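Heads up, there are several structures right after this.
Okay, so subunit A shows up in both of these, paired with subunit B first and subunit C after.
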Partner chain A sequence: MDLNVVSSEYWLGETNYSYLNTRVRAMESNLFRSDVYMKLLNMEVSQIARFLGEGNYKEEIESLSREYRGVELIEHSINKNLGKTYNKLIKMSGKKASKYAFAILTRWDIHNIISVLRGKYSKATAEEIERTLIPIGELPFSLIQSLVKIYGYEDVIKRLKKIEQFDFLDETKGIADIESELFKMYYKKILETFKKENKSLFIQFLRTEIDIINIKNIMRMRRYGFAIEEEEKNMVEGGLFLNIENLSSLLREPEKEFLKRIKKTPYGSIIEKHWQEKTLFYLEESLEKYLMECAKEQFIGDPFTIMPVLHYIISKKIEVENIRKISRGKASNLEIKIIEDSLVI
Partner chain B sequence: MAELGVIVVVLSSVASVILTGLAAAWAEKHIGSAAIGAMTEKEELFSKGLVLTVIPETIVIFGLTVSLVLLFVVLPQLL
Partner chain C sequence: MPQIKPTRSELIKLQRKIKLSKTGYNILKKKRDGLVMNLFGMVKDAKEAQETLEESYEVANRYLGMTIAFEGEINVASCALIKKGTPQFQLESKNIMGVQVPKISELSFKKGINDRGYSILSTSSKIDETVEEYEKVLEYVAKAVEAESTLKKVLNEIEVTKRRVNALESKIIPKLESQKKFIDFRLEELERENKFRLKMIKDKKSKKSS
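Right after this comes the complex of A and B.
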């Protein structure tokens, strides 16, 4: 599947919001409701696959059922469906609306590149890497697939360096540094593109996302220690409530002061709730959940704007992530309560 | 003076049809495209979409009624 939706903007017509938003709302009404997740939680993996095959994921499940079984079948199907849905959205968005849709969708390039790099770094097989890829983004998917076939981690970065937007990468750096550089590049590019719309809900959402990335980083650094150069490398500029200086001082605050200051932000209650836990896993999950809930609430907005489309993009992503969590959790025999807590409903 | 009244009535009659026509067209454009959008994903919404699309037509009927009242009721009184 060779897709390069972003650079093919020339065939897009003008945006007709009445058409676009009602269509998107009709599509949204087909997404799973909370009671469906409860049903899925009580099913076995094979039953989940069958259930998906009878509904919105029919086409993907049917076409992939010969190659894969169980969790793999579900995972491949939902990835393929997500790519298909996002491509469809771009096609029907029109020029004006597609600018925003692209901004969210181009992150899948970063997602795909990071998946390939992580796979290569940990010496995963080509099949294992391909399983994590989503066929959407600015780069042609064939390019991403060709990266999977390249032998080693350094070679992948060397190949990426030939592409203009990734020429800053350095193959001698570790995976963590490359990841943070890619994220930084993505947010910098987007915030520059939408400089004039600094107060729009879309930009606020992106800046909340930056805050959450930064909070995750400072929590990790506080817990596991850090080097000064590491701090600079990890922080992303442009957060909504926390700028770089704030973050830097927060990182060095004693426990009480840290909690007092962070409580002034909307993330305070989440951090406080998980403060005593040994692992950061649940805190990170809750922050992600908060971000998704924020987007769902914020993007309901005006029907004559791009907001309903962004709402759908996020809702679809949430659905796919929920299905993934349920199927993986079920496959690894996790308790239903733990899986349920991680879902965004 | 009566001539001015005739001109005003005739112009009002024309304006009521033209303006309501334009308003109905604008409304139908949006409702029509929204209905098509919804129908593309859910075919069962066809009948509802069709009904909603023709609702703005009533504005033109009001405009036409006003125009006819002006021409056949008000105008003869001025002549």
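Right after this comes the complex of A and C.
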């Protein structure tokens, strides 16, 4: 499973945009088109696995087929393929991509660290924890695996504190607080890294993502209630249209006023469409779909910049998520319409 | 009936036993009928609880399926790692016509989103809603268990009561009555023998005197 991911700053070479752009365009041409998804929607899980095994995911499907079966084989293979692709891409992109590599790959580090900490907190077995890890990230995967072998929750945090980017962690805090801090610190560090490029498309994307995370969380807090001390923990600073003060007042607004104010943002129409629904399921799905579509549209820019790479990264992520939604949806007997509506095509 | 002494005191004891058995028989019969009448309501409750449980389990599974599809199995498994302890409930008992049945109270399976262990920032409402559905399932499991074990206990009690009523009706009371009849017969016979003996003595005395 180890893809030998090492911190990007150590191994990246010089950036050659014309070479990079040609390679990325070639890689983009291998991504699934909308008609492939329609074909996958009409297949059974085993047929989807066979189809993937005959194409771009052949290597991963073959290497993991002894360990996993059916839909699990598909999910683990696409994750492994995503890790391999990102690694290849960042290596190709050179030194100018290192901060983007940090921004993109650290998300998986956070996922992996949170999984290890959750497992340690509830005293899960090493096997249970390992099944939740994804071999992608800025940190070497072997480091993540070594954390699983450390005895307790506090010991894992003490080990993490030795890594510069996680030195803010406090082993006396509960798991939920640590999770929130990891996320907030992640966005804070990225926004700091890209401080000078405040109007770059990548930052616009990140800030839109922060807005969407905050909207999703205030919708959850409005629905389930919240304690004042929890409010701040659940919001991330740096949104594009909504800052913490706006969010805090939105959280307390009555229904009509909330809708009136949120309509002034680009997310208003999505929220209004799903407002009457009993579940937040489809609202969240629509907001995430909006984010992905925005990124896909925005990251088409100058070929002599990092934009084509970012476009490919998003497109690949969308492809992997679409395959997962189709295969998992099929395995759970979800209606084709629900799966189809959730796809970003 | 060799073991029964055909005495008057034994007869009095038997009469008391018969009276007690008949009273017990009437009470048990009423208890059996009462339990049978209650049973219909309990069967309905247990059936409803079972149906609700099945429906809620189906809904929860559907939510889980959707969450796994949209969030990925790895993310859901990661959230599941945080499971906090075993669900707790208070087990009491209540009395239905002398039958002690379990009563599950203080069902506190529902937790607020801030009490589930995970952070709101690192999860989505899909996880919340799935957890909420499974919390409902746990509640319905407890209700179904309560209804089903009540039903089993009451059914068992009806069976025991039925056997007791039948035993009293067709074995104990008839046996006691036949014993009473035997003693009555023996006492009557003894009386007749006594009368006959006295008559004989009287006849002998009168013959001697004449």
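Note that in this section the second predicted complex is superposed on the first by the 290 of 345 C-alpha atoms of A that agree within 3 Å, B and C clash if a C-alpha of one lies under 4 Å from a C-alpha of the other, contacts with A are read in each partner's own complex, and residues count from 1 in each chain.
Just so it is clear, a contact is a pair of C-beta atoms (placed from the backbone, for glycine too) under 8 Å apart; a residue touches a chain by one contact, two chains touch by 3 or more.
For clarity, every value in this text was computed on a predicted model and none was experimentally measured.
In the superposition on chain A, A:Glu231 makes contact with neither subunit B nor subunit C.
Contact with subunit B, but none with subunit C, is seen for A:Asn21 once the two complexes are overlaid on the shared chain. After overlaying the two complexes on the shared chain, residue contacts for A:Glu340 are found with neither subunit B nor subunit C.
In the superposed model, C is the one of subunit B and subunit C that contacts more residues of subunit A.
In the superposed model, A:Arg131 makes contact with subunit C only, not with subunit B.
Using the contact criterion defined above for the overlaid structures, shared-chain residue A:Glu253 touches neither subunit B nor subunit C, since it reaches no partner.
By the touch criterion defined above, A:Ile114 reaches subunit C but does not reach subunit B. In the superposition on chain A, A:Glu154 contacts neither subunit B nor subunit C. By the touch rule above, subunit A contacts subunit C in their complex via residues 71-72, 75, 79, 110-111, 114-115, 118-119, 121-122, 124, 128-129, 131-134, 175-180, 182-184, 213, 216-217, 219-221, 223-227, 230, 233-234, 236, 279-281, 284-285, 324-325, 328-329, 331-334, 338-339, 342. The part of subunit C that touches subunit A in the complex is made up of residues 61-62, 64-66, 68-70, 72-75, 77-79, 81-84, 112-114, 117-122, 124-126, 128-129. Within the complex, the subunit A residues that touch subunit B are 16, 18-27, 29-30.
The part of subunit B that touches subunit A in the complex is made up of residues 29-31, 33-38, 40-42, 45.
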